[in-house]
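The first chain written gets the first letter, and so on, giving A, B, C, D and E; residue counts start at 1 in each chain.
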Amino acid sequence: MNGIPMEHGLLLSVTLFVLGLIGVLARRNLIMILMSLEVMLNATGLAFIVAGARWGQADGQIMFLLILTLAAAEVGVGLGLVLQIFRRFHTLDADSLNGMKG
Amino acid sequence: MKVIELLGWIPLFPFLGFLILVLAGDRFSKPLITWLGVGSVAVAAILVALIGAEFLNGTMEPYRMVLGVWMDVDDLSIPIGFYLDALSVTMLFVVTGVGFLIHVYSAGFMASDPGYASFSAYMNLFVSAMLVLVLADNLVLLYLGWEGVGLGSYLLIGFWYEDTNNGYAARKAFVMTRVGDTALLIGLFLLFTQLHTFDIQILMLRATSHWAPGALLPVAAATLLLGGALGKSAQLPLQSWLPDAMAGPTPVSALIHAATMVTAGVYLIARTNALFMMAPSVQFAVAVIGALTLLMSGCSALVQTDIKRILAYSTISQIGYMFLALGVGAWPSAIFHLLTHAFFKALLFLAAGAVIFCFHHEHNIFKMGGLRKAMPLAFWSFLIGSAALSALPFTSGFYSKHEILLAAFDASPGLWAAGCLGAIITGIYCFRLVFVVFFGRECPVIETRLGWQMSIPLVLLGALALFGGMLKIPLDSVFPVLFNNDPAFDLVAVITATAPLIGLSIAALFYLTGTFSAQRLVDFRVANQMRIFCFNGWGVDALYGALVVRPFKAIAKLNKNDAVDRAYTGIALLSRGGHLMASASQTGRIRWYVSSMALGTVVIIAIGLLS
Amino acid sequence: MILLALICVLLLGGFAAWFSERWSPVVPRWVAIITLTVEVLLLVLPCLAAEHAGGLLSAWFAHFYSPWIPRFGIGFHLAMDGLSLLLTAMTVLLGFMAVSSSWTEIKNRQGFFFFNLLTCLAGTIGVFLAVDLFLFFFFWELMIIPMYFLISIWGHENRTYAAIKFFIFTQASSLLLLLAIVILVQIHHNNSDTYTFDYFELLNTALDPDAAFWLMLGFFIAFTVKLPAVPFHSWLPDAHTQAPTGGSVILAGVMLKTGAYGLLRFVIPLFPEAAHQFAPFALTLGTVSVLYAAMMAFAQSDLKRLIAYTSISHMGFILLGVFSWNLLALQGSVITMLAHGISASALFMIAGALQERLHTREMANMGGLRSALPRLSALTLFFAIASLGLPGLGNFIGEFLVLQGAFSVNRVLASVTTLVLILAPVYALILIQKVFCGPSSQHSFLSDVDLREWVSLGLLLLVTAWLGLSPQAVLDVSASALKQEMQNSVAMER
Amino acid sequence: MVMTLFYITSAVAVFATVMMITRLNAVHGLLYLILSLLAVGVLFFLLGAHFAAVLEVIIYAGAIMVLFVFVIMMLNQGQKTLEQERAWLQPGIWIGPSLLALILFIEMLVIVVLGGSADTDHVVNAKQVGIALYGPYLLAVELASMLLLAGLVGAYHLGKPMLKTTTEGKS
Amino acid sequence: MNINQIIALAPIIILAATAVAVMLSIAVRRHFVLAFGIAAAGIIMSLWTLGIAWQESPIQATLLMLVDAYSLFYMALLLSGGLAVLGFCYDYFKDREGEHEELPLLLLTALLGGSVLVCSSHFATFFIGLEILSISLIVLIGYPLNQARPLEAAVKYLVLSGVSSAFLLMGMALIYAQCGELNFNGIGGYITSRDNINAMILSGTLLIVAGLGFKLSLAPFHLWTPDVYEGAPAPVTAFIAAVSKCAVFALLLRYFLSSYSYDYTPLLTVFSVIAGLSILGGNLLALLQNNVKRLLAYSSIAHMGYLLVAFIAGGSISSALAVESVSFYLPAYFITTIGAFGVISVLSTPQTEADDIAFYRGLFWRRPWLAAVFTLMLLSLAGIPLTAGFIGKFYLFTSAAEGRLWGLLSAIIVGSGLGLYYYLRIIVVMSMNAEAQVIKPAQDWISTATLAVLAGLLVWLGIYPSFLINVIQSIVYAME
């Protein structure tokens, strides 16, 4: 039906992955970090879909489903944590969370 | 049972005396201590007399007695064995005889000292060790005695331990002689490695049969043994401990540093004469060292003011004569001189001790004077001793020294000349001492009465010093007879005999009649510097200080905290630095942590792809 | 069984001492004494048995074997020959001394102290008896822990540093040992397809020269650190200085000997060719240790530190002796082990006695003690001259034999080593001088040696003199063992 | 046609993601993220994964993002936050992460290119997915439920209001 | 799914069911003891069913899971560890305010995740098990909501674990894209069928390694470790340090063995670098650390490095010995770590976490038994005889020497030398004299009993390791 080369799909996935990584590294706002993390996870999902499409198997999509589950669980827990953090520290600055070091 | 089988008891008695005294001495009363200390030596002396008589009257066959096994490993077998021949008999007489007299003397001299018990014990230890030394049939046992006398000497020099200087002198004596001992020990190793035995007689036989004369090995072995002898006998260049050793009580100086221990080196060389004859160059070196030493220390004795130091330098000088004798192959003469020297030097020391005793430990001769009348016994003893020492004709010293000098002339006129010069110098310092102390201005004497313990030995030794020259020791059975000369060279004999008289006259001109004044000589700058140079023992101590002692101390102090440890501290510091650096990476920041993960991933992928 | 009992009795005694603290702080020491007495009886028994069964002359006269970790062929294998008998006997003797010197010095937690002391002895005896390399290593490590506690709990002012340094040095080096053992076993496994850690099996492992060299080095470093030889010695002065007297006695008297024992028992028999190749270097190291440590000893002002450095110096002789590998040198090493163990322990006990009385180890603060402590000073003098190698005392026999043996192997090094005879009086007499001589000080109220000190030091004195005057008995006991070792490694001989 | 669509959508996804990570305002970022997710959903469709595409839109872009919206609104960050973000996002801060990411990207590029070329013209429809899901992957589904349970309980616990008496710990 | 498979999976099913049961019990009535009781009962039951599952093993339960002796062994380990941690948690939380009933539930799910991991033979279970574990752990770390540090730690763990999951998934995707298989054996088939090293598979595996490296806290993915260890409540730290790492490592080994990834030598190079860095870095970091929890965190980095050495050796020696070494080292490490953190947990009070080294001053004289147990644990970490750690180290040396990994061996030796220093420091501090401090009286019977059992095991394994060795050998035998 289509002729999208696998490597192009993978490259897109890698691009998104890397952009997500940049987001995690560069942003200090915890919510933005979580969002960037979602981008990374989503990118891996895309990679699985691309791979699944190459082999014509359902496994790729199932892996995507599992990633989706993970994303949901992680966002749930993560946002709960963000709320607690904001209540306690009154900031979302990831860098200010350095009470333990050394 | 023959008396000779009691040989093993000779060193044992003094040793038992030592043990008893050292273990329980401080609980005994003074007389008991005296009886134990003197008695044990006396028993030994009696045994020596009996055995000696039996031996000398017998066939004079060397007698060997093995008491037990000391060590027996592999091919190394060291028995506790004693060997009796004319040489050891002579030495036994000296050690026990003179030792006994000095013991008696010290019973008076040291009676009031609180440490009398330990003093007696140490003396006994010394005598016992010396007896082992002379009786040993193998070199290791000899070394045991050798070190034992060193220990005894250390203990006795430092006997008055409250004065730090005495401790220093004692340590100096021990360490310096140890330098020689070390050479001796290495020599022992060399001998055993090559000849596979320590037994002296077998060793000498094997040395002559296995080695060629003048070859490297005998030369090396003889050199090493010589090193040991130099240390113990205070010969150049290891002589400087002896004057300092005078810090000990005077009987100690008499016994150890005049009569017995310092002659151990002579005994060793005489004992191993076969080896030295295999190494003519070394033997010649012995003679040269003897000659040099006798001159140098004679000069030093000239300028000393401490009565005991004068005698100490004279001892060095006299042993120099013995070395000279050994070096020229006049073995019996060396031992003969050893014998007579033991008499007159012990006598001199004991007389000096009496003087010092009476002056309450005053040593400076220029603070004495005119003692001739106050202390006749001391004066006569001193006079006889000095005469013998400077070898005035018909004293004991004359016979022995005369033989040596004639033999030296045989070997080399140069050596003979040195010996004669030495004899002149000896005459000067001997009589300088006599004239200064016993003639001239009379000094107030504090205490002149000598107990019988001190008088009797003086008398007996005086007799020996005077007539000891008549003793004929049958040493020919021990030593190879090399030359057999009647005094053919009359001129030489005359010069040799008159040399001490010249010295005597010079001393008289300076110190008795006052014709010349030493003070005036000192006014010359060169002369004064020479005086100081000689006074300090030719700067040997200073040289050692600069070359060895001070560098060693400096390095030791510098390295007190151990440079090697610093290396480990370095490792510790390195780890600490690593820790601090690594710790700095733990910033506590999430984004930094993510970066490290990302970086790590990048790196491991790179490694994976590139490898 | 007796061999096992030798170890177990000490361990049980240790626990008993620990628990007996509940009743009274005095009980643990008596428990320790009783334990050691039992130990003596146990030690006499195998001798008698051996006498009965063919004499001490057969090389190995007692065995105990029980499988332990069959997966790797590891067995609980103990055996005793003359060498281990001598060292075990010395361990027990010095155990008494350690207890004696801790009698009044240890004032808190006596139970735990004696527990550590006895377990330390148990570990050491285990080391001397184990003939399974794994078991050997097990005990090797085991003896360190109680010693570590002895130093770190009951030590002096700088104990933490010293204890940690001691532990790290010995442990880090023993890792090399473990590694070498493992590799050796693997090579044996590759050759014969069986895993075994048994000493007797491994003796005949065929090794290629390179491997043998590196393995030998692993063993060598571990043992020379323990010995210790320069440059691995720097833990020892600290450990000795800071340890309580009992600890110093064990450390100097017994524990250092484990290193020497290891060299003798394992390094050369297992790797004769490599050891031969390595011998010049090892001999040099021995010489350097002897001289360097003697010089260091002279520089010290702390009494225990001085004695510690003399230990290093004496241990250098053992290195020299072992790597000379002839019967003379080996016998010399054995005697040195015993004689040094005794004289150094005695000196440490004296240092402890002085410290107990004066509360200082600094020699500058002493001086003139001879009038106050005449007996102690006489005893010190005796052990000082023993340690400077005076003939007639034990140390001389050892050093003499070592040097004589070494001389036939390497003249230059042996001669250079002999120079220590000059340095030894320098440090030994300065000790006497600084502590006992000089003007009488204000310490006149000090009490001289009491009965306990008399008995223990007197015993050591007798042993030292006996070793020096009649070493033949000891030489006979060790001879067969040493000959056995030499047969196992003919290649080491030239 | 499909190819063209693919590239255009890809461009949209990349653009949206770039915008998302650079927005100062979290809500703007979130909107871009949704855009990106939608674009990826389209890509899924193009790749023949219709079921996944639907889930992407409904769950990812729908449900999960709503959570973010909730939280952002709960925290109610205003103008102050914007300024803070501006202060945080100095241009320099991008350099390091971008470099790192660039290297990673290049590495991945190499890897993907080295992996060789392959086509992806397989449609895997929902039925196939369903069969696989409840066949061989049954356990995975069950485990996913446990994952969600853990997430649920966790979110519930973490969402609890703070206790009144708080101890600050030691920091 | 047939009945045999279900029986084989019974332990896991029971864990899941217990989790649900706890949830239901919470829904009905919040009761601290009840919740813990149910959880404990569930774990014990699960442990008991391991025996039943053993009869069915080895069995492939669908494509996703493989229940064999190996996985059952590790499951038993994890479950026992979980039980111990549950005990510590009980004492740790019983006096604290707040609602703690979710805690056993989350512990159960975490254990479930771990059990799935050790059974997994497929990327799906690999991934999902890991995530169940991670999500549970995030919440467990941040569980005490009234303190700052746990929250901070939880956030750190959340973000980093998210990133690492992303790496992991990317790696899996790459592998899948290349070989079309998600099953370990399938991947192994692909790898063995081709001679050349495939870049995509290699990099995929490397990304997986990065993801797992985070979980195992291997350098350079280790930076989170000390912070999380410090922040998390002590029992939870024990869980992270022991259970989670053990499960992940078991999985890593299983994956490498069944997918024949050992054939990819560049991987071993990478592992060597990681191992060396971890050993040196971990030990250096711990060197002067004054916080005991952080110190143990750093030491765990080093220990994972050691373990990795045995793992790397698997590339050149018989896999049997490598598995044996790892399988001995892990239980030894497991007991030790749980014990050490158990002691910290027992000493902690609701007011203070016992993590400052000053707190341990004189512990020997205040709480001798506790101090003795802690000393034992530290000695075991240092690898001193009489403890299981020594036998573990012995195994390590054996396999590394057999594999001729000289470089890594020297790293181990250097690292151990450094390690001794900081372990000893704690022991020294404990043996120092200290004025009596007011401390929590010993009333934590469950924890105390657990510690006693752990210490006993440690010594037993140290003196008589043959038992465990035999068990492990039978496992290895069963695997082949």
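Everything below uses one rule, namely that a residue touches a chain if its C-beta (ideal position, glycine included) is under 8 Å from a C-beta of that chain, and two chains touch if they have at least 3 such contacts.
Quick caveat: nothing in here was measured; it's all calculated off a predicted structure.
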* **Fewest hops from subunit A to subunit B - one hop per pair of touching chains** => 1
* Asked: So which chains are sitting against subunit B and subunit E at once?
  -> A, C, D
* Structure fact -> Common contacts of subunit A and subunit C, by label, are B, E
* Chain occupying the middle, per Cα centroid -> C
* Asked: Comparing centres built from CA atoms, which chain ends up most distant from subunit B?
  -> D
* State the chain with the largest centre-to-centre distance from subunit C, centres being mean CA positions. => D
* What pair of chains has the most C-beta pairs in contact? -> A-D
* To do: Quick one: report the Å distance separating subunit B from subunit C, using the average Cα coordinate of each chain.
  => 37
* Separation of subunit A from subunit D, taking each centre as the mean of its C-alpha atoms, in whole Å -> 5
* Structure fact -> subunit B to subunit D, mean C-alpha position gap in Å, rounds to 99
* **CA centroid of subunit C to CA centroid of subunit E, Å** => 42
* Asked: What parts of subunit C, by residue number, touch at least two of the other chains?
  -> none
* What residues in subunit D touch two or more of the other chains? -> 96-97, 100-101, 104, 107-108, 110-112, 115, 137, 140, 144, 147, 150-151, 154, 156-158, 162, 171
* Among the residues of subunit A, which ones contact at least 2 other chains? -> 6, 10, 14, 17, 20-21, 24-26, 28, 33-34, 45, 50, 52, 54-55, 57, 59-60, 62, 66, 69-70, 73-74, 77, 81-82, 84, 88, 94, 97, 99-102
* To do: Just spell out which pairs of chains touch, all of them.
  => A-B, A-D, A-E, B-C, B-D, B-E, C-E, D-E
* Parts of subunit D lying in touch with subunit B, wherever the complex brings them together -> 96-97, 100-101, 103-104, 107, 110-111
* Inside the complex, what are the residues of subunit B that reach subunit E? -> 575-576, 578-583, 585-586, 588, 590, 592-594, 596-601, 603-605, 607-609, 611
* Hey, which residues of subunit B end up touching subunit C in the complex? -> 22, 26, 68-74, 76, 140, 143-144, 146-148, 151, 154, 158, 161-164, 166-168, 170-171, 174-175, 178-179, 181-182, 185-186, 188-190, 192-193, 552, 555-557, 559-560, 562, 564-565, 567-568
* Spell out the residues on subunit B that touch subunit D in their complex, using ranges where they run on. => 595, 598-599, 601-602, 605-606, 609
* Structure fact -> Touching subunit E in the complex, subunit D uses residues 107-108, 110-112, 114-115, 136-140, 142-144, 146-147, 149-151, 153-154, 156-158, 160, 162-163, 165-171
